[in-house]
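Shared between the two complexes below is subunit A, which pairs with subunit B and subunit C, respectively.
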Partner chain A sequence: MRDLKTGRRRAATSQAPRPSLPRRAGRALTPLLWLGPSLALISVVVLWPVIEMVRTSLQDITSSGVTVGYRGAGNYRDLFDEDGLIPVVLRTLLWVGGIVAVTMALSLALGQLLNARFPGRRAVRWAVVVPWAASVLMTALIWKWMLDNYSGLVNRVLLDLHLIDEPVNWLAHPAEAMLWMMWVAVFVSLPFTSFVILAGLQTIPSEVYEAARVDGAGPLRTYVGITLPLLRPAILIASIINVINVFNSFPIIWAMTGGGPGHDTDTTTTFMYKMAFYDQNVGESGAMAVVNFVLILVMVLMYLRAARWREEVR
Partner chain B sequence: MRTDGPQHDFSGNLDAGALRARVLEHVDHAAGRRRGQMNRHLLGVVAAGLTVALSAGGCGKGSSSSDDSDGKSIKFVAAIYDEKAQPYWDALIKKFESKNSGYKVNLEMVDWTQMDAKVKTYVQTKQVPDVLNYNAFSDFARDGLVYKASEVVSPATLGDFTPTFVEQAKYNGEQYGIPFISSARLLFYNKPLFAKAGITGPPKTWNEVRANAEKIKKAGAIGYGLPLGPEEAQVEFYSWAMNNGGGWVDASGKWAINQKANVDTLAFLKDLNKSGLTQPNPESTDRKTVFNQFAQGRIGMSIGGPFTKAGFIEPVTKNLDFGVAPLPSRSGNEHNTPGVMDVLVAFKKAGGKNKDAIKKFLDFVYQKENTSKFLTTEGFLPVTRSAGDALSADPYMKQFVDALPASRFAPTSNPAWSAVAGAVKQDLGASVADDDPKKVLDKIQETAEKAG
Partner chain C sequence: MTRRIVLAGVGWLVALAFLLPYLQMFITALKPERELTASPGTYLPSHWTWSNFIDVWSAAPVWTYMRVSLTVAAVATVVTLACAMPAAYYTARNRFRGRGAFLLLVLVTQMFAPTALVIGIYREMVALDLTDTLLSLILVNAAFNLPFCIWILHGYFSSIPRELEEAAFLDGAGRVGALTRITLPISMPGVVTAVVYTFIASWNEYIVALTVTASPDRRPLTVAIPSFVTQYQAHWQYLFATSLIAIVPVVILFIFIERYLIGGLTAGSVK
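Moving on, here comes the complex of A and B:
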């Protein structure tokens, strides 16, 4: 019986006509139909610029923009010989770390506020979105004017409050300028971040809070023991995206100080731009771009590792 | 000041739509679901966010259409000196096209703040225009990108250029740049402030500048407005250095940026700043800020050009009572003025087929009435003999026209000049603040020697 069955089955499989070659190829390619558009998008929008960037960093490009040939690691050697490079990289790390930390702290509070039920909540939510809708360049320019030495609003207010005796040229002093620009960066990062936090807060089931209340946990204990751990994925996402955006941030610094005086408020992004258009050195600028890219990747990977994201996002 | 640049988006504006949609959708569905699902959603958000954010870091290449090669249409990229530039070119091109049927000029106007980036992109993507209005030409000539002037303008037009400018438009002894407009610098001073401070006339020597600045300070205003920020530090510095026997190169044409005369010049300016005789923080001030204060009667003296009156002073204070005087020198015996020249260059294209159309167009541009109209609307000085008289009728402009023959130029015919000017813009200002002038100049000298 058994033999008969298997024999028949074997016969059946051998007799069944194999699908024709075009059909098999078609079946193998079907997934591509669905994957294709996103693969094409990724290769055109992400991979191609990256390849082009690396290629530029290896090329010998004249001051007028003509490519003469390849010069190997020459651009990188020039870049690492720049006196300004190390301070600029350190400043960039401070810039990213400071902005993201403050943004996250403020957004946790804002998210909590936006999640609470109170009359006019909708209006407050909209108000928080506004800086997001405004152009970053515009926001930066407005702050630049507000901080103007001669007719800025900030000096006026501080003078009237007798906090300062004479106008301060905020954006001309590197330390003060950096702090103000970091504040503007925090200001424009808040909406996105607090809304991600808000989304995270709304996913925490109310039963968990009820259980905590029944067990007699106070507000602080509830926040530290329940809210924060359950918010981890949201915090993770918000901080990674902020790190990348802040790192690449160009308009705020360019509009407010232009990286000056000298290179004293440059981050790697503005430094890179100045190399191409002040120093007329596109190749070295390309090398800086590659270093920038690698720095972001390393920072994000280190962060993900520290946050043990695999355990969270699975 | 540059306010633009690659449009790197901040704060996730780029991914805003996608992310917000995800986030909101998430909010709707999340209630009552298990965490596993939430995490899957979030993973999607992470992926989308990373993709968009990382790609925002890459640089984009501008696209401009390459034209047909029938040799009768040319592309002309002109600089936006101010809002009157575009109407001028539109009208001129219309007139040109009606007089030369079959020929076509495609105009693209580019703001000065974007010009450098645009021009580099044109060259790198091999999409150069036929004619470009720019402030540099020698590296194009070195790289074999542009025609000699004699190939694209008629001998009559070529002979009309003032010899001073022809000299500045040469690379290796051949003229490549086609002089377009010029400019000079003189000392502007506020007459009511001078009267209030008890000063009789404009300063001739540096000692007088310092003494006047002190008197103006006592009268409650800023003595001298010193814009040494990145915008145009090279011209402000050169205006002082050349009147102390200094400059960019030595007699043999070699870079001499850290020469003693230049160091002394910076020491003088630094002393002005440290004595509180200039506006605060010259190292980060641009001309616009200085002349805004000048026009409001808060600055006694500053160096400006022919365009300063219409461009900077009149928009703020219509009838400011100010005087214009030769630049003061250390000795008081010489009064040099820096000359500045912008050029047109014609790019080699389509195996030389575009030459004929370019020649027709450029000869038309350099007709006397066309050039002088541009100069008077924009407030620049002539580069041709024939347009010279048109401007001398205006007493304000005449002072600049008269200063031109004695003008000295930055070494624009050296292809390394753009890189040197770039280094000066970035680094020179610090020398009048906290850095040592000699060290700053040494570093710029090093950059210059490296660049060629």
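Moving on, here comes the complex of A and C:
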């Protein structure tokens, strides 16, 4: 269609075998017309902050926000000298690994359940979608309230079941607080993940299952031999998106413990945020942000390598 | 038959587990204020204080918060779609120099989250003198949801055979007519997924709004809600009443498109 149109126009104007320079330039610029708005938005709002962040990490900025000059790797040196850094990074790795692993395992089961036929399936799907639609912050706040030392539902239930003798202040103890917050993160990640798995399950043609049944394969063998391999693209996509989201998850920790007591429940994102906006240490915080980004990149690449992504791309 | 009953039983338990926190939200929103400090906490309100849902509107400028959230989410969604559709359509239909680079850029930007870049974003907004404006929130939400939308729509547009469009074109529908009457209706599930995804992500965005806005009348719901519970006051009932007011419309929206959503995600994950 395109050739027909340009061909006709060319015949009408000139006999030249090659289109004129302006026209070639015009054709080269057509993509810009279609892609321009997206490119502009991405450059100004995504790439600019990336550059700004790297620049910040190299600058000497006073606590009142005045840029004095460049200080090279000074901010990074300060950052690596922080006593809190190593525990925070280790905690972040544990946070991401634990949440993504549990989320994926539960979502595989949940996807299977949502795909099975039973009365009321639609209503169950709607219920599962709710934490996805609700803001993560609000979900974190209701869990904070349920875990409240004095009036929380969790303590009330455990007291009534005689599992504890007196109320536990869950969010004041780093280990318990961490486990509860990881649970909340799993809770809010489940809807999206199980829907991606569900979508993946629905792309598997039923003939494949029939063939397996004819061959006498049991349910477990069918699942391991057929369902899981065919779900690979869905599992890959879901876990990468989860790694990125969980790494960057800020509202849960911010609302529930604020990273406290001290830095005992901080992950790299809350650590970075406190550094910039509470300690007014903008340069060092920029360095933390860069380190944070490199960490995400390394984790995703390691995961892709482990999952042998190349085979998927073909 | 027994299998279906067992499945239904498990299914309903799962549904209950997912709804429990929100049920608790509802129950807390209906408790009278003095009951909130009772220890141990009560299961059900001693007095069902429905008036909390009315009083909350005067306890804080909830309407303003809602207007801010709605404006940001709606405008960001429109901007995202206006940018994503032409880009996705053009890359799906044409081979040109720079196409691969563009798609790679989209894929890479998908890995950037506002949380990781919040310091850079804040400094940029200071430089552009855009702090404490709705425009800054709109731009950020539109830009960070753009890659996902381009990706989903690109998948949809590529899956529609070119011949279908050409047939409509030859029938005299025109290029625009072919696009609006053939391509768009077929890719509706993808468009709906992109719209809902962007709207909800913007409606729920927290960290940038927390950092960039300062005036009470420019704060979206997510930033405003926690201020019901501070060192000086603990209006958990209002906090959760407002949360429910914010959550319920979005849940209804989500349920409405749940069927599309599965198709939309398939296109995204297979492509």
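FYI, the second predicted complex is superposed on the first by the 293 of 314 C-alpha atoms of A that agree within 3 Å, B and C clash if a C-alpha of one lies under 4 Å from a C-alpha of the other, contacts with A are read in each partner's own complex, and residues count from 1 in each chain.
Note that in this section a contact is a pair of C-beta atoms (placed from the backbone, for glycine too) under 8 Å apart; a residue touches a chain by one contact, two chains touch by 3 or more.
Everything numeric in this text was worked out from a predicted model, so none of it was measured.
In the superposed model, A:Val128 makes contact with subunit C only, not with subunit B.
In the superposition on chain A, the chain among subunit B and subunit C reaching more residues of subunit A is C. Once chain A of one complex is fitted onto chain A of the other, the partner contacts of A:Phe293 extend to both subunit B and subunit C.
Once the two complexes are laid over each other on the shared chain, residue contacts for A:Asn169 go to subunit B alone; subunit C is not touched. Within the superposed three-chain model, A:Trp34 lies in touch with subunit C and out of touch with subunit B [touch as defined at top]. In the superposition on chain A, A:Phe118 contacts subunit C only, with no contact to subunit B.
By the touch criterion defined above, A:Ala276 reaches both subunit B and subunit C. Subunit A residues in contact with subunit B (one complex) as well as with subunit C (other complex) are 42, 45-46, 49-50, 52-53, 131-132, 136-137, 141, 150, 191, 195-196, 198-199, 202-203, 233-234, 237, 244-245, 248-251, 254-255, 269, 273, 276-277, 282, 289, 292-293, 296, 300.
Residues 42, 45-46, 49-50, 52-53, 61-67, 131-132, 136-137, 141, 149-150, 169, 171-173, 185, 188-189, 191-192, 195-196, 198-199, 202-203, 205, 230, 233-234, 236-237, 240-242, 244-246, 248-252, 254-255, 257-258, 260-263, 269, 273-274, 276-282, 289, 292-293, 296, 300, 312-314 of subunit A touch subunit B in their complex.
Residues 1, 28, 30-31, 33-35, 37-39, 41-42, 44-53, 56, 110, 113, 116-139, 141-143, 145-146, 148, 150-153, 155-156, 159, 167, 187, 190-191, 195-196, 198-200, 202-203, 233-234, 237-238, 244-245, 247-251, 254-255, 269, 272-273, 276-277, 282, 285-286, 289, 292-293, 296-297, 300 of subunit A are the ones that touch subunit C when the two sit in their complex.
Of all residues in subunit C, only 4-5, 7-8, 10-12, 14-16, 18-19, 21-22, 24-25, 28, 36-43, 79, 82-84, 86-87, 89-91, 94, 96-99, 102, 105-106, 109-124, 127, 139-140, 142-144, 146-147, 150, 166, 169, 200, 203-204, 206-207, 211, 221-222, 225-226, 236, 239-240, 243, 246-247, 250-251, 253-255, 258, 261-263, 265-266, 268-270 touch subunit A in the complex they form. Note for the complex: subunit B touches subunit A at residues 1-13, 15-16, 19-20, 23-24, 26-27, 30-33, 35, 38-39, 42-43, 45-46, 49-51, 53-61, 116-117, 119-124, 139-140, 142-143, 145, 229-230, 280-281, 283-285, 289, 292-293, 298, 415-416, 418-419, 422-423, 425-427, 429-430, 433, 435, 447, 451.
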